[in-house]
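The two complexes that follow have subunit A in common; it is paired with subunit B in the first and with subunit C in the second.
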Partner chain A sequence: MSELLVVEDLTVTFPTTRGLVDVVKDVSFTVGRDETVGIVGESGSGKSMTSLAIMGLLPRGAVTRGSIRLNGVELLGRTDRQMRAIRGEQASMIFQDPLSSLNPYYTVGLQIEEMYRAHRGGSRKAAGKVVAEALAQVGIPEPDRRAGYYPHQFSGGQRQRIMIAMALVCSPALLIADEPTTALDVTVQAQILRLLAGLQKETGTGMVFVTHDLAVISSIAARVLVMCQGEQVEYGTAEQVFSEPRHEYTRMLLESIPRIDDEVVS
Partner chain B sequence: MSEPLLRARDLTKRFTVRGPFGRKEEFTAVDAVSLEVRLGETLAVVGESGSGKSTTARMVAKLMEPTAGTLEFEGRDVTRAKGADLAGFRGNVQVVFQDPFSSLNPRHTVERILTAPLVYQGMEPKGGKRALAKELMVRVGLNPDHSQRYPAQFSGGQAQRIGIARALAVNPKLVICDEAVSALDVSVQAQVIELLRRLQRESGFSYVFIAHDLAVVRQIAHRVAVMSKGRIVEEGPCERVFADPQDPYTRTLLAAIPRINPEWDRRRRAAG
Partner chain C sequence: MARYLAGRIAGLVLILFMVCLFTYLIFFKLSPDPAVMICGKTCTPERILQIRTLLGLDQPFFTQFWDFLSGLFAGRDYGSGANLIHCPAPCLGYSFQTSQSVWEMILDRLPVSATVAVGAAVLWLVIGIGAGLLSAVREGTWWDRTTMGLALGGASIPNYVLALALQYVLVVKLQILPFPSAVAFSDGPLLWLQSYLMPWIVLATGYACLYARLTRANVIDTLAENFMRTARSKGLAPVLTMRRHALRPALTPITTIFGMDFAALLGGALITETVFGLNGVGKMAADSIAKNDQPVIMAVTLLAAFFVVVGNVVVDLVYTGLDPRVRIR
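Right, the complex of A and B next:
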């Protein structure tokens, strides 16, 4: 399998009043084309910082070391301008809260169109067709008409579908999904996970799926990276991590999840 | 069977929303919900967003007046209770909220937070406030030496323990937990669930446990009521609802829960 994304010894450091703090320490993993890698951890584990580092979206003041290569091209040390050309075109990201990622004053169609034309140019008319296709692809009914709706006119699950449409409109090689289903109801979550898995199969996009939810990870990722306090404590195939975890932390985490099918000892 | 501790009959909450052009529209958030909770038992109310579970909790906790229906506590109608009757109700029914930090006053010490319910009740703790605060902290697994600290000095899980300790200050008969463990990390969540179960074993009070996470509910509830669109679609003993759901919505909900491959779980546990 050819590697799409190679992260090597990634360290992210923040200056604080108590000196420099490493929020991500020596994290290394790879994502193949067509592959989903899950990053799982509790709050403060550094999982989101890792994904923001890949996208070049770390907060000001963050210092990165190591290497992040996308299709063989080094991403660390790029200027904001260069990263803007990569974001959306080669690598896209979706977040937990679609409502705060969408502009409430513009129709969703316009926002997807803006993303497309920023990278591909072309007429508004041509882009309109692409937008409708993108919305249809994520299962929005009547895409031509709904493109003219504003974000608040959609449900939470539909808004996340719209974010996914926007992220994929330029057919990026890599999609980073940071807790994309965390804010959603469990039945809607199941739909979005199916949608993401289906789109990935269809388009061959590599995916980094960041979540705190081990059960979600086990249903979508082929390989799993477990993070704890900035460190990579475990990295392997999902089967390996879930059936024979090497690290005590992973074991503890797995034991903590309430199981729906287990006998309850009272 | 003994008289239930709490009985809600046909609780209904309607909201008036202004539609386009200022037209008034009625929206029924909770539609004739009836519940019973017995002493020492945990009733879970589960549902997705917009199901009406939190509105139900707020009405049962008397934080919101129902549009219709009645609420009885220990056989007495408390639906419109005011003044001393309401204070009496609050002395028996306490609430633990989802976000510990927004439900704890950031400018008050833990001691002041924990003794506030008693001050409201006009009671003076026997051994003094400090002793009571320390005792409550020990009960929920917090270090009693930290009673003069402020909420911001605690982690999320610890802050939720403070919220639980505050609910216990008046020795309530019923504790309403509104998504009380939803905001916590999974390892912390497991500890807080264990704490809630231990406290119930020790003190014998009841819980109304509002949650969206069925797997969590499974760990703590004796009975489950499943809500959808303002109504209870299914209610029964926890084991039965999970093993043999009758309502199509309950089945959909159960089927949607992401699961870890049971074979992987089995192998891990076998390996120790």
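Right, the complex of A and C next:
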């Protein structure tokens, strides 16, 4: 299987008032075509910075070293213009909070359409058809009419469906999902996960799934990268990582999951 | 939407009625006897009584208030028989000083105040928002710091200081501009522009400084929003990202403040008009207060309240057009 995304020795450094801080240190992993790789870790472990580095969306001042290759093409060191052509077209991203990630002033249709037209051009009318298809694909009923709705008129789960429709409208090779289910109800979480897994199978998109939730990861990812304080502490198949964790931190993470048969300490 | 509008207009009418009532009450209870003032120096008790009857001042408060209110909508008559004076609607009475119809005085002076307000508004919007935007985009640079420092200073200068300083420098020392006077547009566009330039600059300075700081803060907040990260992650061109996704959310709240500032200014810029000798509503207010010309004071108070209240409703309506979260619930 040829690799879609190859990340090698990725280091992200931020200048702070207390000198340079490495928020990501020597992280390496690969994502195959139509494969899902999970990145797990607690807040501040560098998992979001890793995904932003792939998209070239790190905050100003951040310095990246190492190598990120998408379809064999090096992404680090590209100009902003070159990265713009890649963003949305070859790699796209969905975020944790779908409400604040959508602009409240514009209809969801326009927000999907502008992305499609930025990469593919064409008339608004043609793009409108694509938008309706994308919305239908993620299970939004009456997509033609709903495209004219504003983000606040949808439920939380629907908003995340819209984000997914947007991310996939240009059929990117890679989808980065940064805590896509964290802000959602548990039942909605399951629906979104099922949708993502289904769409991935259908479209053959490679996926990087970032989360702090091990239960979610075990249900969706084939391979798992565990991060702690910017460092990669464990990397292997999901089975391997979960059944025989080699690192103390992974063990701690696993033990921190509350189980229904746990004794209640009172 | 129609129900919302009807509610707002009903509220507007109620507030204006309350403003009328309270202003009338204040002037009725707290001011010296107008009849004495009109009568002047050679006055007899009979003459004072006569004037009282003529103006209806011998009537109880609510009768007088009713006469005043109905005069606004239907006009009213003063006196009777051969002495009858008809004051057509909207009747705001006659100036104690000049015996002119107050409504006509306002019609006469409102264009001056409107010219002052519109010109200043254009200046402060362009300069304030422009400077604020540049500052936000170049946050932390020397441009940003200098502009914001100047804005803080500019917002702190009182209007009359700035007005006098400008006059001293531009008119007395450099002699670039003629001494300001009330000039109509028909007297020549250049002269007209010259006479309004200083009032515009004086009024616009304070507002421009506030708007620059406000715009900067709003744009910086908006740039940090999650949807801006989404816009960048979509690979949109920076110009589109900025114009569509950042500017509209950042500038929408400014319309609210602008509507109220502008409405307040339409009611007359008291200090600026007085310093520059412009015959606007503001100067009329200053003069009428100095001479205790009650009908005029009443009228300018009501006019200012009217603009502020109507301005508020207009702002709300415009806002529903700009923000879909308010429009569609």
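As a working rule, the second predicted complex is superposed on the first by the 259 of 266 C-alpha atoms of A that agree within 3 Å, B and C clash if a C-alpha of one lies under 4 Å from a C-alpha of the other, contacts with A are read in each partner's own complex, and residues count from 1 in each chain.
The rule is short, and it goes like this: a residue touches a chain if its C-beta (ideal position, glycine included) is under 8 Å from a C-beta of that chain, and two chains touch if they have at least 3 such contacts.
What you see is a predicted model, and the numbers here were worked out from it, not measured in a lab.
Novice: With the two structures laid over each other on chain A, which partner does A:150 touch: subunit B (first), subunit C (second), both, or neither?
Specialist: Second partner only, subunit C.
Novice: For A:218, select first, second, both or neither according to whether it touches subunit B, subunit C, the two together, or no partner.
Specialist: First partner only.
Novice: With the two structures laid over each other on chain A, which partner does A:252 touch: subunit B (first), subunit C (second), both, or neither?
Specialist: First partner only, subunit B.
Novice: With both complexes superposed on chain A, which partner does A:55 reach: first (subunit B), second (subunit C), both or neither?
Specialist: Only subunit C; A:55 stays clear of subunit B.
Novice: Is A:95 in contact with subunit B, with subunit C, with both, or with neither (first, second, both, neither)?
Specialist: second
Novice: Considering only the touch criterion stated at the top, classify A:16 as touching first (subunit B), second (subunit C), both, or neither.
Specialist: In the superposed model, A:16 contacts neither subunit B nor subunit C.
Novice: Touch test for A:190: subunit B only (first), subunit C only (second), both, or neither?
Specialist: first
Novice: Both subunit B and subunit C contact which residues of subunit A?
Specialist: none
Novice: Quick one: in the complex, what on subunit B touches subunit A?
Specialist: 48-49, 156, 185-190, 193, 197, 212-216, 218-219, 238, 242, 252-265, 267-268, 271
Novice: Can you list the residues on subunit C that touch subunit A in the complex?
Specialist: Where subunit C meets subunit A, its residues are 225-227, 229-238, 240, 244-245, 248-249, 252, 322-325, 328.
Novice: Could you please specify the touching residues of subunit A with respect to subunit C in the complex?
Specialist: These residues of subunit A touch subunit C: 55, 57, 80, 83-89, 92-93, 95, 97, 100-107, 114-115, 118-119, 150, 152-153, 163, 166.
Novice: Can you list the subunit A residues touching subunit B in their complex?
Specialist: 42-43, 156, 185-190, 193, 212-216, 218-219, 238-239, 242-245, 251-262, 264, 266
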